[in-house]
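We call the chains A, B, C and D, going by the order they appear; numbering starts again at 1 in every chain.
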Amino acid sequence: MSSETTTLLDASDIYGGYGGADILKGTNLKASADEIVVIVGPNGAGKSTAMKAIFGLVKIRTGQVLFQGEDITNAKPEQMVRRGVAYVPQEKNVFPSLTVQENLEMGGYLMSGDLKPRMDMIYELFPKLAERRRQPAGLMSGGERQLVAMGRALMIDPKLLMLDEPTAGLSPKLIDETFERIKEINAQGIGVLMVEQNAKQALAIASRGYVLATGANRHEDTGPNLLANPEVAEMFLGG
Amino acid sequence: MELASLFAYLVSFLTFAGIYAVLAMGLNTQWGFTGQFNIGIAGFFAVGAYTSAILTTPESPAYLGGLGMPFAVGLVGATLASALIGLVIGRITAKLRTDYLAIATIGIAEMIRLFIKNEDWLTNGVRGIAGIERPFAGTPLDTPFGYLLVVVAFVVLVYFLLERAYASPWGRVLRAIRENEPATAAAGKSIARFRLQAFVLGAAIMGLGGGLYAHFFGFLSPEAFMPLYGTFLVWVMLIAGGSGNNRGAILGAVVVWGVWTLTELTTDLLPTEYATQAAALRVLLIGVLLQVILVTRPQGILPEKPPKLIARKK
Amino acid sequence: MNDIIQILIYGMVLGSVLSMGAIGVSMIFGILRFAHFAHGDFMTLGAYIGLTFIAVMGLSPWFALPAAMIGMAVVAVVIDQLLYRRIRRTQPVILLISSFGMALILRSLIQLIWGSENQTYASGIQFPWRLDVLGGLRIKPDHVWIVLISLGLVAGVHLFLTRTRMGKAMRAMSDNMDLALVSGIPAERVIIVTWIIGGALAAAAGVFLGIDTRLHPVMGWTTLLPVFAAAILGGIGRPYGAIVGGMIIGISMEMSTLFISAAYKPAVAFAIMVIMLIFRPQGIFKGTL
Amino acid sequence: MIRIENVSKSFGGLQAVKDVSFEVAQGSITGLIGPNGAGKSTLFNIVAGLFPPTSGRIVLDGQDITGLPTHELFHRGLVRTFQIPHEFSQMTVRENLMVVPPEQSGENLFNSWLRWGRVRKEDTKVLERVDEVLDFLEISHVADELAGNLSGGQKKLLDLGRTMMTDAKMVLLDEPGAGVNRTLLGKIREAIRRLNTERGYTFCLIEHDMDLISQLCDPVHVMANGELIASGPMDEIRQNAEVREAYLGGGASGKMGEDA
């Protein structure tokens, strides 16, 4: 576990949901810059909701979210972006009628100065996008769109990148590739917090993993340890 | 003002308010019950008025009609003709979102106005239709007060029919549709059918209002309708009174018609050369009133209230 | 043949006017998700603001155009901030009602300020250019200017939407509002810019209409139906579609006078719209409805 | 009872359901499980008439019902519930149930005007049935509450109650246990079991709570990547290597129509 000083995100004891009943019932999550943190869990466990709550898209009723030690509970998405947190939603995560390049520009909307160097860096990371920079994102395949979505998020040079099921709907080959890219991104010193349904592969590259069930933490350990934990395996198939 | 003329004024005021109450209840059926946006009220109103006029007036060389039918036939015709137009518009826009319905209704109202204005053979064009018979000519009811009673009777009738419809399983399905469409479909109800019924019913009621107007006023011309103002006033009445609530619709009609009449009295005090400005000022005031209601009390004076169960509990 | 070309020219003039209005309607719909019923009266007000510049400062209508556009843009933003902003969080349909009320408020204001008589920008008759082709075409210079300036404005909107960061942000918001917020695009600012452009283009449409015919407090309202028809035809929420839609509607309306009474011109727009709604409600260019 | 024949569905380029066939036998409680994005919900929505399949057929009682809209399926005895309960939130619990019965004569405007007595009598009967259903589900104490004020679990019960307001042959349950606490879950389980044994309802349910599945369902079908990978009793399914693999990763795809 990382020490206090390098912890980027610290969400403690979060309760909240979309009005009405709470979906999150005491969720705790931490992430630091050198980590890939993976959240897994059965359907309806509140994984995506937890991400949205941290990013200010779902109301937190009680609990606290700290980013670099500062309280950002219920901060608006725009403020999160300004602080260096980028978020890639699970679905509808590109602007379909905008070109790839314009999608990236929108990611960097709040950045002052020349976006070009940043964009070149992203094209270097995802060479596929460079070839197709003038194409509308809506015409691309699912895998390419996921790259556009990640590229858009990386435009702000984030400290923390939050990904909601980045491999959903991708073929096995593309899934491998996506996880490779995520490792590369993390290697640049960007913390990654992601929700994954593809538990096995995701936990394999994770520095740390959380297993969520019914809105609360069930297990927390290193990726490989969680994978080896028979209780975790049971959770997905029931007892 | 002496008592007699005050009374006459009051009778005339209430008669108009009653006709507007009918229109507002028609709109309530469409907007209040099912959220269907109609800003072509004046069109349905005009269709009703002209249909009844053509059916009931004596023969004339200037335009078709002159069928000389009785008042009741005129009103039935007015209701049916307007319902038919509602059916056509409702079917076309059934599956589209409400903005399209709004645009389509504005279009149909405009088409109807153009048609009335230009088809002299049918409507006598801009010269209009005069001499529309008052109901019950030659009976003791043939007085302004008698006519007020007729209008009030129709207000009560429409109110009663709508309240029953709303409290019955039919109204329950409409409420369900407004709350949750997928669940209503999962309960086996055809959403499109119920919606269309409500729209057509509303259109029919507006046509009835038009028929009543024709016979009360005795003269129709395209200009007499001020299409937009007619539509607009009815909207303000319903929103102010409380959409979804028939009593609200009636109350709104009386209150807003009162405000409208009062502004007329005040602006009449202005010198005559400012007459057109005065009219504009009145519309402006009503427009501002609408915005104030929308911002501060969008539910209106009498908010919607769910009907009581009609079943007898044991 | 000669007649047809002559009518085609009229159609393009009307099409230019409608396009200017329809782009605004389409953009407002794309971003704010409601049909703006006061847009016709925005056109009227723009025309009258132009009239004031012409009367007070003695400008020619062509120079009053930019002034009217700026003036109307300001009015549009003020209306949004004073009124629409307050009800934006409720259902879009409340905005629809409100804009309908705003249409009447604007019209009665215009009547109060400028009176309800017909007015014109310039007195006297303009002499058309005669071209010795096709048996002698007559073209009014005003018409040429209207079409050319419209083309210029369309090009300007195009460049704005495709070259500037704000323009791209507008398209982004129209594409996917949630993702735009997540990306940190400032929604309020984009909305204001939308009103600036919508208002300015409506003013241009109004001034063109005033130059071509005359000014009257209901001039915009009677044009609203064809404007909506153009926006629907092009696919609501698609500014480029609005231009194509405007031209098709404008030309069809003028062409129809060959067959039916000119009084029914708006009916042609309505008929095209209804046919579109029945067979292809998403418009030619797949709108967002 | 219901036969799913070679059903496939793709959205854009994504194939969410690939050539799935199975049968739900009369009187059974059939389970459909699989990891997120396996295509269960898509398949479910196809059967429920939300959208037609790209290819394949759905056969109910020997009749082809492919592509029929939801409200028509209802009249053929096929009723569904929703993963997130779809209550009419501004109507009371009673009214929620009263909407459902088919062919109420008061749904005809003219009857509501001209045959008020009959409409009223019928509604009284409907109300009696409603009260029976509320008793059965043990939620009579909230009968006059607005449905929007119920807890998540109570809403689930109400959803189930709606299926009891008609003579359903076949009920599709979309995650009846999702977001429900233990006590209420037991109640829902018992309600399903009793409806099955006492009233002869056939159920097909999607569920993630494996306890609920193993207590109720036989057989269980497992989907992954849009395909059917295993079928059988839950004990067998649990031992199936392919199923374990599917649940713990190794390329699950097909994300459409799923809620996380």
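Here, a residue touches a chain if its C-beta (ideal position, glycine included) is under 8 Å from a C-beta of that chain, and two chains touch if they have at least 3 such contacts.
What you see is a predicted model; the values in this text were computed from it and never measured.
Looking at chain B and chain D, not one chain touches each of them.
Most remote from chain B, judged by the distance between CA-atom centroids, is A. Looking at B-C and A-D side by side, the one with more C-beta contacts is B-C. The distance from the centre of chain A to the centre of chain D, with each centre set as the mean of the Cα atoms, comes to 33 Å. Chain B has its Cα centroid 55 Å from the Cα centroid of chain A.
Averaged C-alpha coordinates put the centre of chain C at 50 Å from the centre of chain D. For chain A, residues touching at least two other chains: there are none. Touching of two or more other chains is recorded for no residue of chain D. The set of chain B residues that touch two or more partner chains is empty.
In terms of which chains touch, the assembly is arranged as a closed ring, every chain touching its two neighbours and no others. Listed by chain label, the pairs that touch are A-C, A-D, B-C, B-D. By the touch criterion stated above, chain D contacts chain A in their complex at residues 13-14, 35-37, 151-152, 175, 178-179, 208-211, 213-214, 238, 243-244, 247-256, 258-260.
Contacts from chain A toward chain D in the complex involve residues 20-21, 23, 42-44, 47-48, 90-91, 141-142, 164-165, 168-172, 175, 195, 197-203, 214, 227, 233, 236-239. Within the complex, the chain A residues that touch chain C are 55, 57, 77-78, 81-82, 87, 89, 92-98, 102, 105-107, 109-110, 152, 156.
Considering their complex, residues 161, 164-165, 168-173, 175-176, 179-180, 182-191, 197, 201, 306, 309-314 of chain B touch chain D.
Against chain A, the residues of chain C that register as touching in their complex are 165, 168-169, 171-172, 174-176, 178-186.
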